[in-house]
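Both complexes shown next keep chain A, but they swap its partner, so chain B is in the first and chain C is in the second.
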Partner chain A sequence: MSAYGLLPFRFLRFDVARTLLVNDAGDYQILGTRDFEHFVHHQLGSEEDAYLDLKAGHFLYDSESLAPFELLATKYRSKKAFLAGFTSLHIFVVSLRCEHSCHYCQVSRVSADRTRYDMSEETARRALDLVFRSPAPRLKIELQGGEPLLHFERVRQIVEEARRRATIEGREVEFVVTTNLALLNDAMLSFFLEEGVILSTSLDGPEALHNANRPRPGNDSHSRTIAGIQRVREVLGHDRVAALMTTTRTSLQSPVEIVDEYVRLGLTSIFLRPLSPYGFALRSVRTTGYSMHEFLDFYTRALDRILEHNAQGIPLVESYAQLLLTRILTPFATGYVDLQSPAGAGIGAVVYNYDGDVYASDEARMLAEMGDTRFRLGNVHRHSYSSIFGGDTLRRIVAASVAESIPGCADCAFLPWCGADPVHHYATTGDVVPHIPTSDFHEKNFFIIKHLLTLCERDAITRRIFWSWVRQESLREEEVA
Partner chain B sequence: MRLHETAHVVGVDRLLIGRVARTPLLSGHHNALLLAENGVLPCDPSGYLGVIALGDPPQVSGTPIASGLRRLDYLDDGDVVAIHPNGFVHTLYRRNSRHNFILATERCNSLCLMCSQPPKEDDDSGRLEEHLRLVDLIDPATEELGITGGEPTLFRDGFLELIARCKRRLPTTSLHVLTNGRLFFYRSFAEKLGQIAHPDLVLGIPLYSDIDQRHDYIVQAQGAFEETVIGLQNLDRYDVRVEIRVVLHALSIPRLSRLAAFIARNSPFACHVALMGLEMFGLVHQHLNELWIDPAGYQQELLEAAGILRDAGMNVSIYNHQLCILDRRLWPLARRSISDWKNVYLPECNGCIAMGQCGGFFQSGTKIRSEYIHPLSPTETPTS
Partner chain C sequence: MTVTVDLTIYPMELVLRTCHTFTARCFVSPHAVADGLLEIELIAREERDSLRELAGDFSNALLDSHLRALIAGETHTIRELLIAQAFCEADLLDHRDIESDESADPRRIAG
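== the complex of A and B ==
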């Protein structure tokens, strides 16, 4: 019997021989089952390696020293640092119109009616008033649609006004325009260059797949996207445009081809995303849908291919893995809305719709398009900052998304690395509190976290690749060799 | 080269600290020590703080003088020299060196097994005034200045005063302080240092183990680990930059990679981690049985620890290692850290192609050394 006390941790039988322990700060340790049993029964000897590792990892303490508690407190504060900044990502839906008619698209409209679906100048101005009320030290404004380039004068107004106000207030602001690039012209490019705007686009894979997923008049989405990427690189710089992909039923067959298309185009990141259960996507579930299990099989195969490329010195990051790995391997916080507890809906990111309605998340906006406005926080024309960001609606969302209090999450070993998504769970089950055994959110995160840990433990090369993703730099040459 | 010497003094009734002047000055005479060579003064010394004479003394009256010096002939304009009433003359600062440091105090609250500068218990708190005066006299164009000990923070508020003085008088000089960091356990002390907001200050703080008892044993001070790791947190809280220094020996090597992971996880804010070979002087000789391990025997551990820190995005350097025993994959991290006037090479080094890049040995540390020292040839393949 050794005289030591246990510090708070959660655990999971990792495989037949090993147990994973994770403390509240997200530090982890994998122990042989025998050591684990001895540990929890206070039978580890104080000179055993397992004892020393657990002590240094802040799973046990054996003196009155404040060090483990102070260090844990600091790490816990770091992990929750996203809370202090409050809402930093502000998403503007400058128009609901789009000239694409993607099967999975959540809410956009092919329409010529500008007045009905475009954000007005006054709405944009009032939304910016709210943006600049946010205490966040760094602001990020994302302009999306629909297709925001269909309403470029609003893009221009928002960027210019936000820039001017940020300069006056001495604040940092960053701009991202989410666009399919099909309508990009030289005037827009020179504006983006002048203002330092970053572009985010969609690329679903090789030409046939992409065009099948993303129909537009002329059936030329893929070639327009690629031409757009090249133009952006020429004018703004190679790293000023990133792409993400949406996985459809057709995509499931082609993980390798999709990844290779990204490599062929010299893209350095890929975000493998499942379909969202909203809007048109939900209605067309029979033609484009699939189970989470099928998605995860696709994800695994795509990730293998990505790792193969990395091992050969080709830098390509999978963005979701990068987020999770940052949460697992480092003591730092990440700002991804669905991977934090409480969820970032409203308190990390917020959406200003074209009509001035304010939503806690893009998913909340889509739900409203389907007729359920329960996650609408207010309207820029009718409500004040304090009633939108301090009102009951947002308070309820935050309270429902503290994973530490959600049954099934509270005692999960992965909790410190995971998050909560109340809007998603409401949309899929009618309840903001998830039913973990049947939750696809849980299925996805649990599987991917465990898969990443398994890969980390498996071999040194993969571990080094993962660390290079976390550092957001490509692997140094000597590490590939 | 000698940095101190005993002189014949006349009229030195208190400690004189002054700036050397080889040529007559237009202003600032009262802080200057006029240098006379072969009995010849460059000008009338009246109004000067004193005269330093190499060799025979010139005719001087009314100005303190130290004469008969032979070895301090390297003294040059801007160097700072102290003359004690007992005739002891020593150089505090050399303008053309990159290795100037202030030995703040010889007292220490730890007693590390491998201390290269064994502490003394005498109360030397009076030194603070000398240090403050030295800072006033140092050329503000100086790029780097070190503060070492003993434990400089034992001056408490005097330490803060010294840092504040450096900021005021030497605003563009990088300041590097060697401290065990223990007193920053007290948050208000860290806060006060942070409030000084020195523009270019780094505290180099040693951490020898991820396990408290092991660190405490190495530094021979109960509770030191707790104080140092919480001190590191407090310094980061108040935006004071820290460097973590790990000395490699038989007691720190076994958990080196675990220590690296501990640093990456708990002190990711450290701007630099230095992995340092044992310096073979001071107390180390008394504890050689416990401490000595041939560096050639710990390359795997070193490689792993450096890899963990580098993966986590930290800056890592390796100090005090000869290149012939260092794994080639670690060469990019090796720094020539030994001061220019302290390093030497051995007969075994003759013909080595890497001598230009290698830090060599401490002058006083060539007796106990790796058995694997050998000249590198152009064809040599990487070890291990």
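== the complex of A and C ==
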């Protein structure tokens, strides 16, 4: 018996014999039932292993603890560090035009000849004025569409002007262009090389699946994407292009083939994403949609395949798992807007639409394309920085996304690792505050976090693989063995 | 299936919080049946769900909710202090209130 105090934590019955404890900084312990009951009733002996683990993990303190509150407060601050810099990711929709006609497209694209959906030079300049009002020490500018390479002139202007302003102000700025690569040419590549631009593309899997998901004139999306990836690697370097995939109903049958396609192409990361309930994705839900349960079954099988490759020394990271594992295994924030509380919509990332409208997130913009503008923060031509970023709309979004105050999230052991997405909740249920027991957002995150913890507990090889993802280091073959 | 809860053991707020967590699995209807007693009616959404298991899970969840409340009560002050210390350098004032002039009424108190 010993005198100790409890530090704040939440718990979850992990399985019939074990309980998971997570403190506010995201440190966790898994205890057997006996140890857990003894711990919470102050009956754990100070010489017991569980006592020492709980003390080291900041779940209890005693008279010999060294500054337990200060350490925990520091860790908590690290976990919430995303708040300090305010908006660092600025997304420019330089055009809504796209020559692809993907069924699931989230951006509600219009056909390629309608230039009125292009961002003007003046709109881009005014948006950049707002970007450089942000106090964030490091800025990231993402250029997307539609297909941004259809309006390359604006891409060039934004990158050049942002680079010039960043140099004058002594700030760091990073550029990402999200493109299907189909229109990439040598002049564009030279520009990207000169400016250190990173490219992000879409690859949905093997040729037949990719082309079925992503139709374009000539039905050659897959071959153009592959050719584009190879050209980017030749000119910019192997690691200057990454890919992500969107899961359609057709994809559900092929988790192994999709993962193997990424390995075949030498890609080192894959982002397994479900359909979003926006844009054309919502309109075509009958042909492309599926339940979250079906997606999670797909995700599990794909993750198994990814781990098999890693165990053979082939590096391939699943990006969503990497984000969650970073939150679970380290005290650091990830900056992923939907996995933080409050959510990063507007305060971590913001979207400037082609017409100058400013949205708290890309999802908010897609909702506006469907006629609902409630998450529009303002317009670069008509509103000031303080009214856009300090106005009631953004305040309401932030207030609704504090998971600590959401029924069902407040008590959840996974809260320090999870977050909220009020725009998604609104789009799926009509309310910015989710009904957690039936929320697909909750179902996805709860399942994946628990699955990752189960895998971590299962064997040492998986733990080593997961740590290599968190550290962003490749495992050597002997380390896997 | 009904579960009877003694409100002298479990506060109403805690019982309702537990009810909320079961709303995906079943339709939950609480009824006051006598002084200090609450009857919770649980109707499974899926026919295959065992009512006996549902009632058992509910009772266990109620116990866990109770334990959560005890832990939260014991650690509440520390949690407040930790968060205050973590954000001690942050400016938490609402500047709409402090930067307005004497005649302003930002919270519409005057109606």
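The rule is short, and it goes like this: the second predicted complex is superposed on the first by the 470 of 481 C-alpha atoms of A that agree within 3 Å, B and C clash if a C-alpha of one lies under 4 Å from a C-alpha of the other, contacts with A are read in each partner's own complex, and residues count from 1 in each chain.
Everything that follows uses one rule, which is that a contact is a pair of C-beta atoms (placed from the backbone, for glycine too) under 8 Å apart; a residue touches a chain by one contact, two chains touch by 3 or more.
A quick note: this is a predicted structure, and the numbers were derived from the prediction, not measured.
Judged by the touch definition given at the top, the superposed model places A:191 against neither chain B nor chain C.
When the shared chain is aligned, chain C comes close enough to touch A:8, but chain B does not.
Of the two partner chains, chain C is the only one touched by A:40; chain B is not.
By the document's definition of touching, neither partner reaches A:447: not chain B, not chain C. Within the superposed three-chain model, A:331 lies in touch with chain B and out of touch with chain C [touch as defined at top].
In the superposition on chain A, A:74 makes contact with both chain B and chain C. When the two complexes are overlaid on their common chain A, residue A:86 makes contact with neither chain B nor chain C. For the contact definition in use here, the residues of chain A common to its chain B contact set and its chain C contact set are 70, 74.
Of all the residues in chain A, the ones that touch chain B in their complex are 27, 52-53, 55-56, 63, 65-67, 70-71, 74-75, 329-332, 463-464, 467-468, 470-471, 478.
Here chain B touches chain A in the complex through residues 210-212, 223, 225-226, 229-230, 233, 255, 258, 262, 265-266, 268, 307, 311-313, 329, going by the rule given at the top. Taken in their complex, chain A has these residues touching chain C: 5-11, 13, 24, 40, 69-70, 72-74, 76-77, 80, 83, 407-408, 411, 435-438.
Across the interface of their complex, chain A is touched by residues 17, 20-25, 64-65, 67-68, 70-72, 74-76, 78-79, 81-83, 85-87, 90 of chain C.
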